[in-house]
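Look at the two complexes coming up: subunit A is in both, with subunit B in one and subunit C in the other.
For the complex of A and B:
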C-alpha cells in the first residue's frame, strides 16, 4: 500500500481513474441495453400468446383454428396487424350478425386485447403493419393534391364530399366523416370488405397523407350557406325543394285566396 | 268587357253583390273605420320594415367579416354574413309582397264582378273575306294550274334543309383529327405497344409487385403528360383512362384475349360502354365494376362482361405486359372503340 500511497498524486492516476470510470459506465449501460430487447421480445411473446387465446375464443369459429378461413369467414393469413386493428377497433369484427356488411359499433375488445390479437395474426404470416404516428401525421401534406387524388381514387365510392354511397346487393361504402387518419391508412393498405387495396407502391405514404389531409378538411368544413342537406348534391336539394319549398308556396297561395274577414 | 251595371232591376242592397245575385260578406274594414285605419297602419308598417331590412342588409354587407361563423341549432355552424344577407334580402321582398296582398285583401274593393266573354269565332264577313282572298290568290298565281312549277318548288323546299345535316360533320373534324372519320377517331387511343402504364394524377410507373391481390389503380398512359390539345389533354385522357386491378389468377374465368393479363393483373377501360361515365367503383371480392350513373355492372374476372344494367357491350380490355425494367406496359392499343356505342358501330 505504501507504493500506492506514494504515487496517488501522480497526474497519470487521474487519467487511469477516468478510464476505469468510463469503462464501468459504458459497459454497464451496454449490459442493460443488451438485456432490453430480450425483455421486449419476451413481452411480445406473451402478447402473441394472449392474442392466440383471444383468437381461439372469439374468432376461430369463423376464421378457423389456424386462421386458414372457413366457409363462414376469410383466411386471416397475410392480412397483417393493420387489418385486425381496423376491423376490431372500429367494432366491425366480431360481426354483430351475418349480413351484406360489417356494421361499425362499440369495440368488443379493449386496446390491449386488440394489440394482442393484431400481434397474434401478424405472427402467423407477414402482412401490413399498423401505421405509425409518423405515417398518420399530415401536417405537411398537400391538401390540394389530396383533393385531386381523392377524386381520382376514392370519390367513386365514398362520394366527392366523403359522405359514402351505395354498392351492390345491400353493401355500401361508409361515410368518412368520423374516420380517423389511422383507420383511413389501414383501410387503404388492407382493403377491407369490398374496398380495393391502394398499396404504398402505387399510392406512396405521402399521397395517402395528402388524401387524409383532404378528408380532414372535409370533416372540419363548416357550411356557410346554412343547411348542408347531407352534402349529397342535387338529390337532397331537389327533395327539399319539392317538399318544404313547394309546401310553403302552396300555403302562400291558399293564404292569398282566403277572403279577409 | 267588365259589366259593373246592377244585375236585373233590383237596386243594390247592403250585404249583396251589386252585379251578381249572391250574398256578399262585408269585411270588418268595410264597416268599422277604426279597423280600416288599423289595416292601413299594418300595411304601411310592412313596407317600412322592408325598407329597414334593406338598410340592415347594406350595413351588414359593409361591417360583418365574411369568415365569421355562428352556431344555429338544426343548421349547425353557418356563415354569419350569409345568413344575415339571406334573411334581410329575403324578408324585405317578402314584406313588399305580403303588404301588397294585405292591401288588396283588406282595403281594395272586393265586390264580385261579372266579366262577359267575347265570341270565339270571327265575324262572318271577316271569314268570308279571308276565304275569297285565298281563292283569288290561288287563281291569280296559277298554283293549281302550273303543275311542274308547283312540284319543283315543293322539291326545292324539301331539299333545302339537307346541307344543315352535312354541316354537322364539322363537329368532329378539328386540327388534331385531320381527315380521320369519327369511327377512326373513336377507335384509337394513345395506348400503343410498349407504352408505360402510370398512376393517374401522380404519373408514377407501376411494377407488378406494387399491386397486391385486391389492389386497384386508376391509370393513364405515360405519354399523356406530353399530349397537347386545344383544351389540355382532355380528349386523350377521356379515351385512354384505364383501371388496373389484380386478382388471384385462379379467379380469372375469361379474358378478351389469350394472356392479356400479367400474373393476374388485368387492365380495363375506365369509360362505361353505356353513356361514357368514368368508373372505378370496383368491389375487390366480387370483381364487379359498378357504374354509378345507371348501375351497369361489369365482371372483370369474366372478360368485362355486363352482368347488370343498361350497358350493351363488354368493358374493353387492354393487353398488358412488362418492359425490360420490370414496369407494366401496354402490349397494344384497345382492339375496339372504348366508351358508348355510336352510329358506325351499329
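For the complex of A and C:
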C-alpha cells in the first residue's frame, strides 16, 4: 500500500494517468478498469468512467490528476459524493477565479454529469454520501428545537434570521434564504470552506432535520411587524429611521415654516 | 356681527373662574402674547419632545403586560417556532405582547421607533444649537442640561433594549459586563454587583426595569421641563434678519400662531410614528430567540445611537497590559470608558471652553451663521467626522457582507482615517467658511450675480449684478468682527515683569487660533457705496432688455458701463451699426 501511495504522488505517474485517461476517452475502457476500486457495481461503472473523464477535463488542473490536491486546490480524497454534489450543483466548482471563497453561480454541469463526478470522487476514497430523500425530509421534525440548534450551531456565522454575515479576510457565510434541504444537509456533513463539519456524531440526523425545518420556516415566514427591512437588525432599522422617517419630519418642519410666512 | 358669541362668553366665564382662584389671567396675559421666532431648525427640539411623549404613552401601555422577571418557563404562546422552548418570563411576556395582546405589536414597534427618533431628533437639535452658537451666554446651563438629556436618552435606550431578554439584548448586556469589568480596581466587583453574581444571573432585568421605566424617564421629564422653562424665560434666540437685534425677538405670538403650529406638528410626528409602527418591523425578537450565554448571532448590533460606541470597540486594537498581577484591558477601557468620557466632558464644557478662549462674556440672543464662526464650525465638523467614522465601524460586518469587502480591510481603513480625516475636515471646513465670508463681502460690495448675461450694442458681454435685498443685507451684516486677544508684553512700559505672561500668552494664542482667520466685513461706508453702485448699474440695465426695439430707446447712457468708446445715444448706436 505504502509503495503504491508513494508512486501515485509521483508527477510522472500523473502524466501517465493523463495518457491513460486519453486512451479511456478513445474507448479503451478495459485498460483502466484495473485501477478502479473493486466495489463499483457494473451499472455504476460507466458512471464512474464518465465522472473520471469529466474530472480530468474540468477539475484535475486544480485538484490533481488523482484528486490528491495541488497548490491550486485541496485534495478530494475522502470528501465524498456529498461534497462534490454540493460544490458543483451550487456552481461553486469548477472554481471560476481564485478569491477569498468560491462564488455561487449557475452550475456548469447538468444533473447526470454531477452524479458522475460525485460517483467518481466517491470511488477514490470513502466519504459522506449524497443525502437521500429520507435524510432531507423534515415533516416530523421539531421546528422550535431546530431553532435552538440553529441559534447554537449556525447563527454565529449565518445570523439568527439566516441572512448571512461577514467572516474574516473577505470571507462570508452565505444567506440561507434560497438553500434547499439537500444543500443544507450536504453543507453540514461536508463543511465547505470555513464552515465546520457537523458529523452525525456531533449533530444527529434528527437534529439536522430539525434545523432544516427551522430554516425552511425562516424562508417562508411572513413578517408580522410589517416591512422586514431585510431582517438585518438595528443597522437597517437605523438606516430607515434616518433616511425615511427623519427626512420626512424635517420636510414637514420646513413646510410648516413656509406655511407660516 | 359685533355681539359676542355664546362660546366666547362661556370661555370668558371659565377664564374668570380660573382667574379668581389661580390669579391666572395676569400670568396668561403676560405669557400668551410672548413672541416666538420662527425657523424650521427650531422644530428639531419639538420633534424630540413629541417623540418623547409618544415614548411615554406607548411605554405605559407596555408596562401593563411586560413582566421583568428572569424566571425560566416553557413558552406556550401562539408563536409556533418557539413553542415548548425554555425562556425567561421577560422574553415570553414580550412575545405575548407581540402576538397575544391586542395592539401589542403596534405599540411595541411605536415605542421602539419613537425611542430611536427621540435620540435622533435630540442629537440633531444639539448640533443645531452648537453650530449656531445658541449655547453662548446666557444659555450655557441649558446646554449642560441638554448634554445630560442626551446621556439620559442613550441610557433609556440601552436599558430598554436590554429588557426583552432576547439574543440581541443579552449580547448587549454581555458587552456591558465586559465594559464594567475593564474598569481598573473596582471592575470585577462592580460586574458582580450589577448582575447580582455570575453573568447573566437572574437579577439584571428586574434591576434595569425600574431604571428604564421610572428613574430615567422621570429625570428626563424633569430636565425637559426645566429646559423648556429656561427657553421660555430666556426667550428663544433668533437668526439675524431685518429688524432683528440682540435685544428684541421677532416672531409670532405664542397664542394662537405658535400654539397652532406646534400642535399641528405634534400630530404630524405622532402620525408618522404610528404609521411606521404599524407598517415597518422593528426588533423582531421572535427571530433572535431567547438569550442564552452560549449563543450569539452574526450581525449583532446595538440600536443606532450606541453604534458609535460599538464601532470604537470594534476598531480598537487588542491591547492589554498586566500590572502587579492585574490585567488592564485597554482594548475595552479606551473605547468604552475613556473615549466616551472625554467626548461627553468636552461636549458639556464646550460653552465654557469657548468663552475662556475668546474672552467673549457678552450675552448673545442673535444666532451665529456657522460660516461666521469658522473655528467653531470646523471643530464641530471635525467631531462629527470622528463620530461618523466610529459609527461606520459599528456596522463593519454588515458593510463587509453587503459590499463584498474584507472586514479586516474596513477596520484598518477606519483606524487610519480616524486620525487623518477629522483634522482634514477641520482645515477644509474652516477654508469653506472663510470662502463663504469672502463671497458675502463680494456681495456687499458688488451686489449679487443676477445670472443674466447681457450683450451690449457694441458686442461686449457683461454679467448683471443686482443690489441685495433688505433681508440679505441684514443677514450678512449681522456678522460681528472680533479681534483676537492681544499678545501680552513680557514687561510693561516701566520695565516691570508681567507675572502672568505665560498664561496670558497661551490664552492669546488660543484666541488667535479661534479668531485669527477672519475676513472682516467692509465698513458701512464701503457697503453703502458698493450697493449704490450696483443699484445704479442695475438701473441702466433695465432698458437694455428692450434693445430689440432699439428705436424706442431715446437716451441711453451706456457710458456708465465703463466703456469709453461706447455709443452714447440711440442715434449714435444706429450709426455704429
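Criterion: the second predicted complex is superposed on the first by the 218 of 261 C-alpha atoms of A that agree within 3 Å, B and C clash if a C-alpha of one lies under 4 Å from a C-alpha of the other, contacts with A are read in each partner's own complex, and residues count from 1 in each chain.
Basically, contacts are C-beta pairs under 8 Å (C-beta built on N, C-alpha and C of every residue); 3 or more make two chains touch, one makes a residue touch a chain.
Being a predicted model, the structure only gives us computed values, none of them experimental.
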For this session: For A:144, select first, second, both or neither according to whether it touches subunit B, subunit C, the two together, or no partner.
Result: second
Exercise. In the superposed arrangement, which partner chain does A:165 touch: subunit B (first), subunit C (second), both, or neither?
Worked result: both
For this session: Would you check which partner chain A:131 touches, where first means subunit B only, second means subunit C only, and both and neither mean what they say?
Result: neither
Problem set entry | Which superposed partner A:256 touches (first subunit B, second subunit C, both, neither) | both
Exercise. Any idea whether subunit B or subunit C touches more of subunit A?
Worked result: C
Exercise. A:228 contacts which: subunit B (first), subunit C (second), both, neither?
Worked result: both
Exercise. For A:94, is the partner it touches subunit B (first), subunit C (second), both, or none of the two (neither)?
Worked result: neither
Exercise. A:238 contacts which: subunit B (first), subunit C (second), both, neither?
Worked result: second
For this session: Give one of first, second, both or neither to describe whether A:157 is in contact with subunit B, with subunit C, with both, or with none.
Result: both
Exercise. Can A:246 be said to touch subunit B (first), subunit C (second), both, or neither?
Worked result: second
Seminar exercise, completed: Both subunit B and subunit C touch subunit A at residues 145, 148, 152, 156-157, 165, 167-168, 223-228, 256, 260
Seminar exercise, completed: Given the complex, residues on subunit A that touch subunit B span 145, 148-149, 152-153, 156-157, 165, 167-168, 171, 191, 193-204, 207, 222-228, 255-256, 259-261
Seminar exercise, completed: Counting only contacts in the complex, subunit A reaches subunit C at residues 100, 142-145, 147-148, 151-152, 155-161, 163-170, 172-173, 214, 217-218, 221, 223-229, 231-235, 237-238, 240-242, 244-246, 248-250, 252-254, 256-257, 260
Exercise. What residues of subunit B sit close enough to touch subunit A in their complex?
Worked result: 25, 27-29, 69, 74-79, 82-83, 86, 101, 105-106, 110, 199-202, 204, 206-207, 209-218, 245, 278-286, 288, 290, 292, 297, 308
Exercise. Where on subunit C does subunit A make contact in their complex?
Worked result: 38-41, 43-44, 47, 80-85, 98-99, 105, 109, 113, 116-117, 120-121, 124, 167-168, 252, 257, 261, 264-265, 268-269, 272, 276, 278-284, 286-289, 292, 294-304, 307, 395-398, 400-401, 404-409
